[in-house]
Structure formats: C-alpha cells, structure tokens
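Just so it is clear, A, B, C and D label the chains in written order, and each chain counts residues from 1 on its own.
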Amino acid sequence: MKITHIKKLLTVSGFILATCLMQNTAMAQQKNDPKFNKMMTDSFRAEGIAGLDRIQQDETQKFCSDPVFAGSKQGEKMREKIQKMNMDLIKQPSDGKYIGDWKKGESIAQSGRGATWTDKADAAVGGGCYNCHQIDSKEISYGNIGPSLTGYGKLRGYSPEVITYTWNRINNSKAYNACSNMPRFAHFKLLNEQQIQDVMALLLDPASPVNQ
Amino acid sequence: MADPMRVRATENGGIVDVKILMKHDMESGQRKDAAGKTIPAWFISTLNVKANGKDVLNGQFGPAVSKDPFLNFKYKGAKGDKIVVSWVDSKGDKRTDEATAS
Amino acid sequence: MQRNLTLGLASGLLVVLLTVSSSVLAQKSATDDIAKYREMIADGNPSELYEAAGEELWKKPAGPKNATLEQCDLGLGPGVVKGAAAQLPRYFKDTNKVQDLESRLMTCMQNLQGRDPQEMVDAPFQQGPKKDMEAIVAYVVTLSKGDKIKVSTNHPKEKEMYELGKRAFNFQGGPMDFSCASCHAENGKRIRLQDLPNLVEQKGAALGWGYWPAYRVSSGQFWTMQQRLNDCYRQQRFPFPIYGSDVTIALSMYMAKTANGGTVETPGLKR
Amino acid sequence: MNQQRRSVLKYSAIFGLMASAGLISVAQAQEWNKAAFEGKSLDEVFKILGAGSPDKSGAVTLNAPDIAENGAVVPVGITTSLKAEQMAILVEKNPSSLAAQFFIPAGTESFVTTRIKMGQTSNVYGLVKADGKWSMTVKEVKVTLGGCGG
C-alpha cells in the first residue's frame, strides 16, 4: 500500500515538475541594464596586460551571461547562430598537419599560466587542460569540469572525422556548444597553431601515454 | 621586532599538550623575486621550550619548515605550569612568549 | 493538507536518495586523501596570529585623529564586533550604501581616525595599510565564528545589490570567456583536486562564503574576501576589480544571501 | 683581580641570571647544526647526525598524508614506542634533506608534529635516536599541483 501511495505521489510530483518547466516558457534574453553596466565600468581598472576591453563582451559572451535564457527553448535559434558563427572562425592547419609532439602537448596541458594581469604580454599561455580534464591517467591531480579524455584516441579511433572534430573543438569549443565552459583557444590566440598540434598529439598520437 | 606567537597548553591526565604557532616567513632561499633575484634564506633556526624553568623540548629548524611554523608535543606536567617558548632566527632576531597550562 | 505533507516527504526522500548516490559516485581515493590532509592541518590555523595582531590594532589609537576603532559601527551599533560579520554586507544609513566588512572598516577608519580611504584602496594586498586591514578583518570575523549567516535584503538597496551581484556572477568576459558561474554553478566539480563550491545553492554558498576570509596555505597569507574575489577575477583573466568597488560588494551580497542559514566558519584554512 | 677578569665574571653572572629567568635559553646557547642542515643527501645528513645507516624500525611511526594538497604545508609527525632522545625529519628530494631536528628531554613524550615544505613528491624519513641508537621509518608523500595554476 505504502509503495503504490508513493508511486502515485511521484507521478504527481512529476506532473508538478512539468508544470514548473512550462511556466518557464515565457521568457526572453535579459535586458540591457544601465545600472549594471555602470557598476561594471566603475568597478574595474586596467592592470598590466588586462585592459578594460576585456569586459566588453562579444555576442557569444553576452548570450552566455544569461544562462536561463541560453539554456531555454526560446534560446535555441540564437544558440545555433552562435555556434555557426564560431564554427566559421575556425581555420584548419596552414601546413595541413594536425598532429604535433605529444610531449610538448603534455606540458601545455599541465600549465594553467598566462593571460592574467600578473603575466607579461610575451609569457607563454598554458592550455590549462588538467584543470578541467583527466588526460594521462598517471596525473592524479585533474579537474572534472570537462569530460575525461583518458584513452581519447584509443576509444574513438584515429579517423579523419575524429581528428577534424578534435581540432575544431580545441580551436573553438563554442562551435559545438554555444556556452561550453571551454575557452576558445584559437579565437583569442591563447594557443598558437603549433601548440594546438601538440595538444592534438597528446590526445591522438597512438604513442601518447593517453592512448596506452 | 618579531610578531608574537600563539602558545596553547592543555593538561589531561598528567600530560600537557603544547601547541605553538610562530609568526615567521621561513624564507626558503629557493624563491626568486619579481626581478629574478634569489630571495636569501631567513628562518627560525633554534627553538627552546621550558616548563617551570626546565627544558621540555629543544628544536632546530632548517628553511624547509613551513611559513608560520606549527609545533605540537607533549610532556609530563600539571595545570598551572608556566611554559616559556623562545626562538632565534638565522638573522639573530628572537622572540619569547609565555602561556600557562590549563 | 495531509496529501501535501506526504508529497513533501516523498520528494524529500527522493532528493536524499539522489544526493547520496551522487556523493558516492564522486568519491575517489585521491579526494579522500586530500580530505585527510585537510583534517591534519585543520588544527593550528595560522589565522590566529593575524587575529591577535588585529585585536591590538583595533584598540590602538591611530591616524590623524589618533583614535581607536573601538567605536566603529559594523551594523550592530557602535563598538559591537561580536556577530557583526555574520550579517554583512548590509545597508548603512550614514553612508547610504550597502557595504561589506572591508568597505565599512574603511568608513570607520576615515570617520574615527581621519585616515584617507584612497590610501587603503591603492595599497597592494599584504602590504602597508592593507596589512593592517587584513589583521583587523581576521579579528572581526573570528568574533562571528559559529554564528549563523544572516544577511538581509529587506532594504531596497540591499535587494538591488543582490540582483546586481547575481548578474555579475554570470557575466562572462576576458579571453577565456569565464564568469564566476563557469566554475561555481554545478555540484561536485573540481579544478585539479580542489572542490569548487556550487555558489548558486545554499549549501555550496555556505561552504564558500562561510569559510572566507581564510589563511591560505599555498601563499602562507591571510586572505580577506576582497583578496579572494580579486584573485578569482585575476584567474578569470578579467581586468583588476577595484578594492571595495560595487561589483565586489554585489557579488558578496549575492553569495552571502544565498548562504543564509549556514554557519560562519571564519577564519578558514584553505589550500 | 684585573679589570678584564672582573667584567667576564660580571657578564657570566648576568647570563646565569638571564638563563634562570628564562630570558635566554638553551636553544640560544645551543649551536645550530649548520653542517647537518646544509647536507645535500640523506647519507650525508645521516653521517653528520652520527646515525650511520639507521635500521628501519616498526617502533617508529611517521604520521604524514599520502597526498599533500600543497607542498608549502605538509604536516609531519613522528611517534615511537621507544624512549626517544632525538628525532629528525628528512625529505629525500628537497635541496637540503634535513627539515627539522628535535631534542627530547626525559619527561617529554616521544611525539612531535610540525609542518614542512616539499618541492616535489618524495620519500619522507622519520628518524629516532633512542638508547644512543638511531632507527627510522619512511613514507612517500605525493605533492600535487593544485588550483588554477596561474
């Protein structure tokens, strides 16, 4: 008796949940708020390489700063538009080479440095990959904001499709997921072409420890 | 002048548990400043703890002891014991603080 | 009525089941070992050294007016320090502003001691007047340890600050597209081995807001909330948030209000 | 009694008074063991401490974490069922191996805990001198990279 009772209740709560979701349908992207804008411009100052231009949002950043709308049904069209825009920014390697040196790739993946106001303009920027991903299983200090990449090539294969997708994803992750948490490494020149080739090798060179 | 320490001593069953926090940078001699110059080592080198005038611990530190050093040890004693902790660092700075076992 | 109650119980049970299973999944030996490490260093928090220095500074006449801070009003009346930090940020009538602990202390230093707040704003962290501020903050927050976080948004300016903070929390910028939400809006996430509190929920917000200011093991420094936020923005690759600026107070208001009901565990001890 | 001798006496009297008042301590009088703290390898430090090649002993316990979240603060404690006269903490891969040394008078427990810095993952040694003989235990402590790394 108890069980059927609870079952019935769960159905009811499921119904309530669905109603709540439907109530969310009447929505639009958040409006420009002059008060907020003033707060932002008054609250920051340029320091070192970090100029105030960094809080001038591009279209992708503006869209993703409203997570409720960005994740909603109404936001779908805009999501697709932003993904396409980012996809169009991606350049394939100028020398036709996708796979570089996995050893260099590993040190790029390990480094989370660069691009802060305490860094010099010419300081190498790291990929910071381990901050969010498990990669070489020997590294126990890894984050989990992104999916595990251990065994990346071994699991997915080394086909041209996998290679192109991975290249694109590292260059500009927003081409696939408008509000992905992953930085757009090529778009903002965080990593250069050769560094991206090296990170590619870490994931897709059969000799890389990732694929052992 | 060196900053004061925090010394806590609590007696339980005839054993006094002493916990000491010292304020010191414990500069390792391995770090470099913004200009790339090595920051010279500077650390607490010797430490003495007395209870009612009698030694209960002597210690020697190298630069590998952490910044703001922490030390915990126990000796046979009683409530009301007067504990005096003194340290000297590698530049000759010193500091002495006291606590009463409770 | 009866039905509603049972419904509440059933969905409560569901939530508990979900929470338990996800926490079991999240358990990894490395994170367990890190937890053990944290337990080992928990005893003997060097924040105590700063707190002692701060108490002295609080009671020592200073500034052009050669006065102490003992008559400072942190929201509970002049001179009341105990429990004050647990209810900040809040609206203050005399300044007609919502202030966090540090901006309020600057007001007290200006009014009581005649000190120029700009000197405090401009000083680098851990140096000069900021060093004094950090010690004073350590002293003040220790006197709220164990209290419940209790921040009000009853005043329209408080409510407005909260809303601005919520928006700032989600504001993406910089060359990495980061906002606070990039790292702090989901449960069970980590950077490397460091757990990231989910600051959009009460539980996570209490874990974040409730444990800062803290002694930071990696730098061997006591960090105020202002320095914590400053370094978050540095890592977000943003420009430099001005000390005591509205964005820092708005974010504090958002976090503190979300954390309401949690326990103040300051000063904390962090990586 | 000449002038010089008299001032020496006066000084030693003052020193004696200060010592009894706890103003100067044995630690200050005791010489910091420069050679041991500057020893680059375990063997070098063992030799300087007069420990030779200490035996591993189950009676010595090193209380340290398996993983340290940060190498700047690694809690390390030594306990032993032996009646310790001295204790020492050594880190194999630090630039200088010896981190700290303790002298334990009678009446003090064979237990001490402190915090040390480690540059990288390494074996940590806990040494105990009891009955004039050194013994030891060893444990690996992993030092992880933490935070955003910037």
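Rule of thumb we're sticking to: a residue touches a chain if its C-beta (ideal position, glycine included) is under 8 Å from a C-beta of that chain, and two chains touch if they have at least 3 such contacts.
All figures in this text were calculated on a predicted structure; none of them were measured in a lab.
Student: Please identify each chain that touches chain A as well as chain B.
Tutor: C, D
Student: Can you check which chain pair, B-C or C-D, has more C-beta pairs in contact?
Tutor: C-D
Student: If you average the CA atoms of chain B and of chain C, how many Å lie between those two points?
Tutor: 30
Student: Distance-wise, how many Å sit between the C-alpha centres of chain C and chain D, to the nearest whole number?
Tutor: Inter-chain centre distance comes to 38 Å.
Student: Averaging over Cα atoms per chain, report the distance between chain B and chain D in Å.
Tutor: About 13 Å, centre to centre.
Student: What whole-Å value do you get for the distance between chain A and chain C if each is reduced to the mean of its CA atoms?
Tutor: Whole-Å distance between the two chain centres: 28.
Student: Specify, in ascending order, the residues of chain B that touch 2 or more different other chains.
Tutor: 66-67, 70, 72
Student: Tell me, which residues of chain A touch at least two other chains?
Tutor: If we look for residues of chain A contacting two or more partner chains, we find 115-116, 130-131, 140-141.
Student: On chain D, where are the residues touching two or more other chains?
Tutor: 67, 72-73, 115, 144-150
Student: Line, ring, star, complete or other: which describes how these chains touch one another?
Tutor: It is other, because the touches fit no line, ring, star or complete pattern.
Student: How do the chains pair up in terms of touching? List each pair.
Tutor: A-C, A-D, B-C, B-D, C-D
Student: Quick check on the complex: what are the chain C residues that touch chain B?
Tutor: 43-44, 46, 48-49, 52-53, 215, 220
Student: In the complex, go through chain D and note every residue touching chain C.
Tutor: 63, 65-70, 72-73, 75, 115, 144-150
Student: Could you list, by residue number, the parts of chain B that touch chain C in their complex?
Tutor: Listed in rising order, the residues are 3-6, 19, 21, 23, 25, 66-68, 70, 72.
Student: Sort out for me which residues of chain C touch chain D in the complex.
Tutor: 30, 33-34, 36-38, 40-41, 191-194, 217-220, 234-235, 271
Student: Tell me, which parts of chain A touch chain C in their complex?
Tutor: My answer: residues 5-6, 9-10, 12-13, 30, 33, 35-36, 39-40, 42-47, 50-52, 54-57, 60-62, 64-67, 115-118, 130-132, 140-145, 174, 181, 183-184, 188-190.
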